[in-house]
Amino acid sequence: MTKPVLDDLLLFDEALAFDTTGAFKSECPPDKKVKVENLFKFNRGHGDLPVSIVAAVIAMFFFVAFWTQAGWLDRDIPINAGTYFAYQLGLADIDGRVTRFGRILKQSWVVPMLCLLVLVPAALWNLRASFKVNKWRKRFMLPTSAYFELTKYAAALEFVAYFIGYTLLVPWLGYLVSTMIFGSFLTWRLGYRTRTWTLRGVACSFAIVIVFRTLLQIKTPGSIWLYDQLPSAVRAFMLTYF
Amino acid sequence: MDAFLLGLSNLMVPSVMVAIVIGSIGGLIIGAVPGIGPAIAIAILLPATVFLDDLVSLVLLLGVYGSSMYGGAIPAILINTPGTPVNALTTYDGYALTRRGEAGRALSLAYSASFFGGCFSITMALLALFAFGPYLRDLGALFGQRDILMAAVLGSVLLIAAHKQTMGLAAMLYGFGFLIAMIGRQSSRDIDRFTFGFEYLFSGFNLIVVIVGIFALSQALNLMIGKDAAAPEARVTGGLLSGFKEIAGNKVVTLISACYGTVMGIIPGVGEFVAQFFSYSTARALSKEPARFGHGSPEGLIASETSNNAVPAAAMIPLLALGVPGEALTAMMMVVFFDAGIKPGPDVFENNPDFLFSLFTALLIINVLVLITLLAFTKYIAKMIYIPNRFLGAFIMILAFVGVYSIRNSLPDCVFAMIFGYIGYILRRLDWPLVPIVLGLVLGSIILERLTAGSGQIKTAIDLINRPVSGTLFVVILMVIGFIIWTSITNRRSGYQN
Amino acid sequence: MKKMTLIAALAATTVLAGSLPAMAEYPDAPVQFIVPWPPGDFEDILTRMIAAKMEEMHGISATVVNKPGGGDGPFPGALEVLDGPIDGSVVGSFILDVPLIGPLIDIGMEEDSFEPVGIFLTYPFVLASSGDTPYKSMAELAAYAQDNDVILGHFGEGLTPTTATFAAAKMMGFEYADDAAFDLLDCNTLAAGDADVINTTLALIEPCLGELNVLANIGNAPIERLSGVETLAAQSGIADIELWNGLFVKAGTPQDVIDVLAEVAEAAMATEQAQTLMAETGARVYWQDAEMSAARITVDRATSKKMNALLGE
């Protein structure tokens, strides 16, 4: 048996013990038809990288803000901090009076520090994982463009604006009128423009006002410009029931 | 025993009975409509319940919580769309059965499995109450501030560990939730965290505002931006009673799944998903026909439905006993407890034993009521699946407004809820988990509270863990952290690509 | 044409009618009582009684609006009243910390920002410890604390009963080894050993009252139910101070509004419901009119100043 020219060309190396006598046995594990893991499998979406970056930036922002915003400037730690913490861990000894650990723990910066100890490394770790996935995809020329996702995020901003507009409208026009306007407008904006659907939109808005405001008397803003324009008895009625 | 009878009589009031019925049927419908789930419904109903009587509001929310998973199985089976997120596993076997023309059999299996799971965990809880209840009072003295602190930390660690593939992400989102919990002022004098001088932030963010934003408003945005689902016509054929016989024929699977659900529900920070996953995997491992799983195996269906329905009742236990919620929905219900003047914690058995019995008995009644309704009215409920998504999204927005405003009578709260909704929308699109943010908020504020309150007795660091309960929990925390580190190292070794 | 004239006439009448409320009698529009705490506690219950009485006596809708300030206490809610109108449609139900401490912290409140309508509630604050502690009164506590660690549990450092407790300790020459702010102080706090002495309201330790030592009560007079327990002021030498809750309106509100509110509130406090609350919980329910309240606030301001000076703030 001549030695093969290349040592690492194992394919032709007789030394490997393949079982060539019996039935073929594959080295790969049998494929399971249904992988429950797939249900819970996490695939990073296309928008993942930009959002992970933003998340990491926000985490760093709070990290920077911590030093001024969480009471760190007013901290009250014993002067010999190193010895003190060693003492707490049982590694050193201090003579005389030792500050109670509780007095340090209840200072306002302790819990934010613990939180940041979890948040910042996790944010950076997540960013790293996101980068790795992105790099891997780019390497295999898989699509990585986040453009479509970003358009969807921008599209949602429109509805956010509508909602905030509704919020600002209520103290002016009162809950009933604002909700009717908002409900009908949204129904129209979402494309339900046939008569049946418009009526359904109006009816649902009205039903919500009646059930939650009139019947359950859930609180809504108390000083409404529109109601202030009405005569006093009507005003009282509208404020109570609508 | 008298506490049990008292609890029972508390339920026999007409308003409570009406609330049970509305909650159950409402919950069924909410679960059946893909796009809205119990989280959204509870988030929106929560503020309204402040105005209702305590037990009434509680059974209303319980009804929604307990019955939504029944309803969620309907579209999962009929049109391969889970009605609530936890019914996702049901689509595998349920829809496959529908494709074979056995929709009725699948539905009946799902109902009976859910019913068994629910009743099992409720019975376990009631038995535990009967057996251990009188001793809980003495146990109460074991649970001080530091012990509950450790329980909350354990819940946090388990929450992160439960997200096996995305621990860094879960930890980051948990951290953000924790951060939100800390924003605000305390005692108006010394403690001022991250308020940047903004007056609105002095009172911090309210839990319900964040929940309504992250769950309800984000889904509203999601629905409105998406398309209306073109759902195929689904017909229910076959009888609905065959399921019970099949359950009897698959006793082992059912029992094991119910146990998984109950145990996972009790452990804080875990929840329905992990319970289902384990029970499905175990059922397949034990099954004589594992290849059928995912292709219409009745055992698979039983496994997923039993375990997810066993969780709600069990999740109430850590909430009631320790004040540490087991998962996001239970966290929302904690608010109702506080408003009712019932402080969850070891005292609750001493102070309000009848309340506990009312709670679990109500859950039992809800399960029975839902089963009967489903057996009779499945056809009509199935019609609810077809409400168009975008229309739904618009009205969730309207409902969310009134809900958020009524919490603190604050318009800025509504604006912030929408901001959280936008953030939640982005998270949903990325398939990032939403639960860590909410549990970060809840567990974080518990940790903050308990550390502050417990700090008085902490002379040296060892005082944190030299009590029996906190010491044990600390050891468990170390074990879980060790497990996390060990699995991530072994995963790395095997080249696991995230 | 006719239609237009009709509409014009209607519009004119509406505008004219809309400008009439200034002449109408108070109350003619819904009244909101702002309680700057979450629902359920004493002041909330009593304010709801006042609102119900107002509805009963004057027929307009009166609601209680809870505006909890979270960790910031009653101040955000108090600011809401400050931002409101002066026509009596927004009334505040505040504890003494609002007029006392509000002006001292930088949030835009001055000593004369609010006018008192009256004071109606005193919280039954007590200092209690477990039954098995060797001290049963403040003097014994003072002696014990010289050589042993005593941990105090309270509802927050800025709160008046807490300041009073610390001032009393200073007067009596002892120091608490440490203290902690709790959200809830009840029987379990002592049973679980989270604190040795707690500064809490009577209702919260009701279930185990028989097993506890009540060292003192923080108020102007001893609580009848607790025989043999003296006030903190009597035992320690600090001036009398107690935590009370009263109705306030924004400064500049017309006198007749204040009078109507006072009338309603007094009637509400005299009802059987309110008096039963007092008997059951140890809270003191009464009515002190605007003049007495203003005088009381002045006295309390001086006391508070002295206590803060004593504590070196």
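Note that the chains take the letters A, B and C in the order they are written out, and that residue 1 is the start of every chain.
By definition in this document, a contact is a pair of C-beta atoms (placed from the backbone, for glycine too) under 8 Å apart; a residue touches a chain by one contact, two chains touch by 3 or more.
Since we're looking at a predicted model, the values are computed, not measured.
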Once you draw an edge for every pair of touching chains, what topology comes out, line, ring, star, complete or other? complete
So, comparing each chain's Cα centre against the centre of all protein Cα atoms, which one is closest? B
The distance between the C-alpha centres of chain B and chain C, rounded to whole Å, is 37
Distance between chain A and chain B based on Cα centroids, please, to the nearest Å. 18
Distance between chain centroids, defined by C-alpha means - chain A, chain C (Å): 39
Identify all positions of chain B at which a residue touches two or more other chains, and write them in rising order. 186, 190-191, 409, 452, 454-457, 459
In chain C, what residues contact two or more other chains? 65, 178, 180-181
Chain A, residues touching no fewer than two other chains: 100, 102-103, 106, 219, 222
Inside the complex, what are the residues of chain A that reach chain B? 33-34, 36, 39-45, 47-48, 51, 55, 58-59, 62, 65, 69-71, 74, 87-90, 98, 100-103, 105-106, 108, 110-112, 114-116, 118-120, 122-123, 125-126, 129, 132-133, 136, 149, 152-153, 155-157, 159-160, 163-164, 166-168, 170-171, 175, 179, 182-183, 186-187, 190-192, 197, 200-201, 204-205, 208, 212-213, 216-222
Tell me, which parts of chain B touch chain A in their complex? 47-48, 51-52, 88-89, 92, 164-166, 168-169, 171-172, 174-176, 178-179, 182, 186, 190-196, 217, 220-221, 224-225, 273, 277, 280-281, 284, 291, 293-295, 388, 390-391, 393-395, 397-399, 401-403, 405-406, 409, 411, 414-415, 418-419, 421-422, 425-426, 429-431, 444, 447-448, 451-452, 454-463, 497-498
Touching residues of chain B toward chain C in the complex: what are they? 50, 140-147, 184-191, 199, 202-204, 206, 338-339, 341, 343, 345-347, 350-351, 408-410, 449, 452-457, 459
Given the complex with chain B, which residues does chain C contribute to the contact? 38-40, 65-73, 75-76, 79, 101, 105, 107, 149, 151-153, 156-159, 178-184, 186-189, 191-195, 207
Would you mind writing out the residues of chain A in touch with chain C in their complex? 100, 102-103, 106, 219, 222-223, 228-232, 235-236, 239-240
